[in-house]
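Presented below are the structures under discussion, each in the form of structure tokens.
What follows is subunit A paired twice: with subunit B in the first complex and subunit C in the second.
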Partner chain A sequence: MIVTDVVCPFCGCLCDDLVIEVDNNEIKTVRNACRLGASKFLKHKKNRKKKPIIKENGEKKEVDFDYAIDKAVKLLKNSTRCLLYGFSSTSNEAIEYGVKIAELLRGYIDNTSTVCHGPSVVSYQTVGYPSCTLGDVKNRADLIIYWGCNPLNAHPRHLSRYTLYPRGLFTERGFLDRKLIVIDVRETDTAKIATKFLRIEPNKDYELVSAMRSILNGLDIQQDTIAGIKRDEIYEIVDMMKSCRYGVLFFGMGLTQTYGRDRTIDNAISLVIDLNRYTKFSIMMMRGHYNVTGSNQVFAWLSGFPYAVDFTRGYPRYNPGETSAVDVLSNKEVDSALIIAADPVSNFPKEAIRHLLSIPYINVDPFYNLSSKYAKIYIPTKIVGVEVEGTAYRMDNIPIRLRKVIENEDLPSDEEVLKEIYERLIEDEIVIKERYSI
Partner chain B sequence: MVLCMKLYDVYIDEEKCIGCGNCIVCCPEIDLEEIESGYLTKMELKNGIIAIKKKFCTGCGNCLKFCPRNAITIR
Partner chain C sequence: MRLLLKNGIVFDPLNNIKGEKMDILIENGKVVEKFSNERDVKIIDCTNKIVMPGGVDIHTHIAGGKVNAGRIMRPEDHVYFVKEREGIIHSGSGYSLPTTWLTGYLYAKMGYTFAATPAMPPLSARHTHEELKSIPIVDKAAYTLFGNNWFVFKYIREKDYKKLAAFVSFILKSVKGFAIKLVNPGGDEAWAWGGNVKSLDDIVPNFDITPRDIIDGLIKANEILNLPHSIHLHTINLGRPGNYIDTIETIRIAGKYSNEKRQVMHVTHIQFHSYGGKTWKDFESKSEEIVKELHKYRNVTFDVGFVLFGETTTMTADGPMEYYLSRLTGLKWQNLGIELETSPGVTPIIYRKKSPVHSIQFAIGLELALLSDPWKYCLTTDHPNGAPFIRYPEIIAMLMSKKYREEIIKEVNPAIKRRAIIESIDREYDFYEIAIITRSAPAKILGMEKFIGSLNIGNDANISVYEINPEKYTYEDIIKAFSNSYLTIKNGRVVVKKGKVIDEIYGKTFYVAPKIDDDIMREIYSDLSYYFKRFYSVNLANYPLDTIYLTNPVEIKTIPKLERIVMK
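And then the complex of A and B:
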């Protein structure tokens, strides 16, 4: 059987042109995907479990789903403050139940943007987000800038599907009609194919953005070099920006996580706003996990805030740096956690991991990862986009429906597990009465 | 007058290729229908194949220039 128009559930590009050959419920070939995307389909059996695993009296044992969910509900019910974390690799439908559980339990809820594009999200709440869709980029953009990101490694088809190469409505000759600028601290694979590559000194992004804005605003640059880049080169780049018909600035972790964080992004967004006095210019974050954008969206539409939401007072509060996952863990403010589709044990700071490992936590994930290994309760689920349908948001905030390619009768989906936990908690009136002092 | 142009074969090193598709979308000569499988890439569990192997390559060198992994040889 050939399944067409499959959406790739790997990176924020959400390529939706995959063609997959399935024979007897086995994936045989994946067409049109890059190697990263193809491996998610072809190696979907790797690191999977068929039954939940519970740690009791220091021993791990396999149990059935009903028992595991029951134990999870008891754990959450008996804890004072819980943290829900993850959500970047699951469907919007599952995220919705996550937010409902956090609200019901008066806990904290956060998604993985807290350790990646968190500062960018804070920035666009401060100065706005003059963005566009990837369709606009494909059809109109004649100047592409990648700043602090290396899509050829992290989003391999970004250039061939949306930015540099495709032939669009007003870019009929594909890459011949476009210019590519890469600004990075090292010469990445993307930098190698750029029309112009600027090697910037680490942590000097704010200075370079400010210099560009100064030129745009009619001031003169006095220094010979700024952020390791020659004065003339900065003028040349600003000229290229001003004279394009439609420019897009894509930025990644290299800009977000440098010195200045959200202030650097504020400045970069303001640069784009300034450029709009001369031409049409947009800015876009390069989102990593395929649905991290969706987690921001769903959090925002349900609580008003895109990440690091604190329900402990019974209403949503938001103060990244205080209510974000890393901080509530480092400050030992939670005594249980529910980790969904993420692996904080392998990428959180040491202090946060230490506390996470000292409290009982539940891990709901299709793959058995490092966080699953140390979880008190691990519940395996179906892979969204491979074994179950779901909705996800592309990096340009376009919702796309993921398809199911093969059947998996053994496991529930993330959504089903979270829904079951939520419903069992709701049934327990004592929880609600105690938490809301009714 | 007959214009005689040498045509080349394109080989991709499957170990190096990441399947980004740059070489295909930047090629002025390529016609997806004429590629072996009709798709940009074709990957199986054991081997990943990017599907261009053609007899009508004019050797313009675009794909060589834009391949991030230097996976292409033209003979």
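And then the complex of A and C:
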């Protein structure tokens, strides 16, 4: 059987043109995907479990789903403050239940943007975000800038599907109609194919953006080099930006995690806003996990805030730096956690991991990762986009429905597990409802 | 379950009921003439209370990409306006951008039971519906953006209205849309290159058609498809001094057409399009001219888009306008160019009493309403553009009380005396007229009077009861009563009692499905597959969405007819 128009549940590109050959519920071949995407389908059996695993009296044992969910509900109910964390690699439908659980339990909830594009979101809240969809880039853009990111490795089809190579209505000759600028601290693979590569000194991004804005706003640059880049070159780049027909600046972790963090991004967004006085210019975050964008969106429409939400007072609050996952862990604010579709034990700061490992937590994930290993309760689930459908948002906020390619009858989905937890938790609440009824 | 609302003073304009003392009977979620049996009847005494059909909001940005982009961009809108979770009733936050759960509750608290979100880009329709799905209580619908769509441009340029209609119907069905919406037709395409259209006869760059052609073509498509609502139009030059000329020109386009059942053009938030003057300095009200023109045409309706003083968020699919506004205010700005379809933007605004322009905008909204026939228009603020919808009760009070208006006018910029006419208007609305502009007229204009906006026997029992003495009241009483409905009943269930949300159910979602012949569909299908392959960034197969994204979907089928374009 051939399944067409399959959506790749790996990176923020959400390529939706995959063609997958399935025989007897086995994935045989994957066409159109890059190697990262293909391996998600082809290696879907790696690191999987068939049953939940619970740690009791220092021993791990396999249990059935009903029992594991029951234990999870008890754990959450008996804790005073819980943290829900993860959500960037699952469906919106599951995320929605995550928010409901956090709200009901008056806990904290956060998604992985807290450790990646968090600063970008804060900047978005300061100056705005002039952006567009990837199809707009494909049809119109004649100048592409990648700053602090290396899509050829991290989002391998970004250039071919959306930015540099495709032929659109106003870019009929594909890459011949476009210029590519790469700004990075090292000469990445993407930098190698650039029309212009600027090797910037580490942590000097703020200075370079400021220089560009100064030139754009009619001031003169006195120094010979800024951020390791020659004065003339900066002028040349600004000129390219001003004179293009439609430019787009993509930026990644290399920009968000340098000195200045959200201040640097404020400045970069302001640069793009300034450029709109001369031509059409957009900016876009290179989102990593395939649905980290969706997690920001669902959090926002349910709570009003895109990440780091605190429900401890019964209503949503937001104060990244205080209410974000890393901080509530480091400050020992929580005594239980529910980790879903993420692996904080592998990538959180030491302090946060230390507290996480000291409290009982539940891990819901299709894959048995490092965070699963230390969980009190691990509940395996279906892989969204491979074994179950669901909604996800591309890095440009375009919602796409992920498809099911093969059956997996052994496991529930993330959504089902969270829904079940929520419904068991809410049984008590029905009593309160009676009180209000007329 | 049977419910008897006893002895209320009923206002139901679609049934010509003007404040009569009557009982309303509800059984199995519907309004009934008599109960099938008398057991288990819950009686609620409504003596000295006002009973109306549930409120209908024809134009309110409550869900979708730009609303949520606004939420993400404006935590400051959320921090000071929060609601705690109580029992099964969820928490929420947001003043001009309330979260989805809160949106449903706030509408219900005002006695509203229907809200249509007016600007869904087809490509992100799934997002709009995901949010609508999580809005409780109210019935919902989403208008779909067509005014800057490349296919629309193509078929209009080719004057192939049959294909245009078929394409529109394909999109509406695929994205579960309710009506054809146009926002700054042609302007967003120009904005994709940093420009805009300035007049109805400007050429849209690269596409060789004009805003006038687009409006005209989509009226034709709408009439061919025989949709319940007419085109829903946000015309060009929103918010610009002197734009009333373009608005009058726009209205005249409708003059060519007629439809025996309803209008052929609904001009939305017309307040923002009723400006005279050449610059911000001589900016003035042209409400009289606009009202005069509107009332010449039986086939044009409108909603107001009132402006109230205070802070709010502007958001429209009019990208160039949002950019322009943000440069005027210097506040944060976002834009989302959506390939082949549209380009929405968002930026905050503070309407200030001391500003002459804002004061005049405030006056124009009231003037338009007070000078018009209430059946011709609906009460809206273009939420949240003119003010958040939770401020409707203040508008109701202003329309009902000259005294209230005078008190506010005292505090605003004196420009309002010279460059607006609000002070000269004495009219005060009564409850019947308020029921028209918040219930009956919007239902009728939507072509939905069979479903909403009346207490017809057999309709869903969507009812609001307000605690106010209709013989004697102050404007404070009005604000209080309409802000906290005594009862809101949705599908026969009491969801609000004394201003408190006590129950949560999910309403219906309406969308249209015109029936199109297979052979026309085949023809446009080849265009679709070509455009999707070449220009879109998603595959055609992944574009349509399923009704799983809708709460209680209701499909409204229509039978299109090519002859249906009746030219005068």
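Just so it is clear, the second predicted complex is superposed on the first by the 428 of 438 C-alpha atoms of A that agree within 3 Å, B and C clash if a C-alpha of one lies under 4 Å from a C-alpha of the other, contacts with A are read in each partner's own complex, and residues count from 1 in each chain.
The rule we apply is simple: a residue touches a chain if its C-beta (ideal position, glycine included) is under 8 Å from a C-beta of that chain, and two chains touch if they have at least 3 such contacts.
This one's a predicted model, so the numbers in the text were calculated from it and none came from an experiment.
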TODO: In the overlay, answer first, second, both or neither for which of subunit B and subunit C A:R186 touches.
DONE: neither
Open item on the list: One more residue to check, A:V30. First (subunit B), second (subunit C), both or neither?
Closed with: first
Task: First (subunit B), second (subunit C), both or neither touched by A:K43 - done: first
Open item on the list: By the touch definition at the top of the document, which applies to A:R161: first (subunit B), second (subunit C), both, or neither?
Closed with: both
Open item on the list: Which chain, subunit B or subunit C, ends up touching more residues of subunit A in the combined arrangement?
Closed with: C
- [ ] Using the superposition on A, tell me which residues of subunit A are in contact with subunit B and, in the other complex, with subunit C.
- [x] 161
Task: Interface residues, subunit B side, partner subunit A - complex - done: 17-22, 24-26, 37, 39-45, 48, 65-66, 68-69
Task: subunit A residues touching subunit B - in the complex, by the definition given at the top - done: 19, 28-38, 42-43, 152-153, 156-157, 159-161, 165-166, 174-175, 189-190, 192-193
Open item on the list: Considering only the defined contacts, which subunit A positions touch subunit C in the complex?
Closed with: 4-5, 7, 16-17, 92, 96, 100, 103-104, 121, 124-136, 138-140, 161-162, 167-170, 245-246, 273, 276, 279-280, 282, 296-298, 300-306, 311, 313-318, 391, 393, 397-401, 426, 429-430, 432-433, 435-438
Task: subunit C residues within the subunit A interface of the complex - done: 42, 63, 65, 67-69, 71-75, 77-79, 82-94, 97-101, 123-124, 126-127, 130-131, 134, 150, 191-194, 206, 323, 326, 332-340, 343, 346-347, 494, 497, 500, 502-503, 534-539, 541-542, 545-546
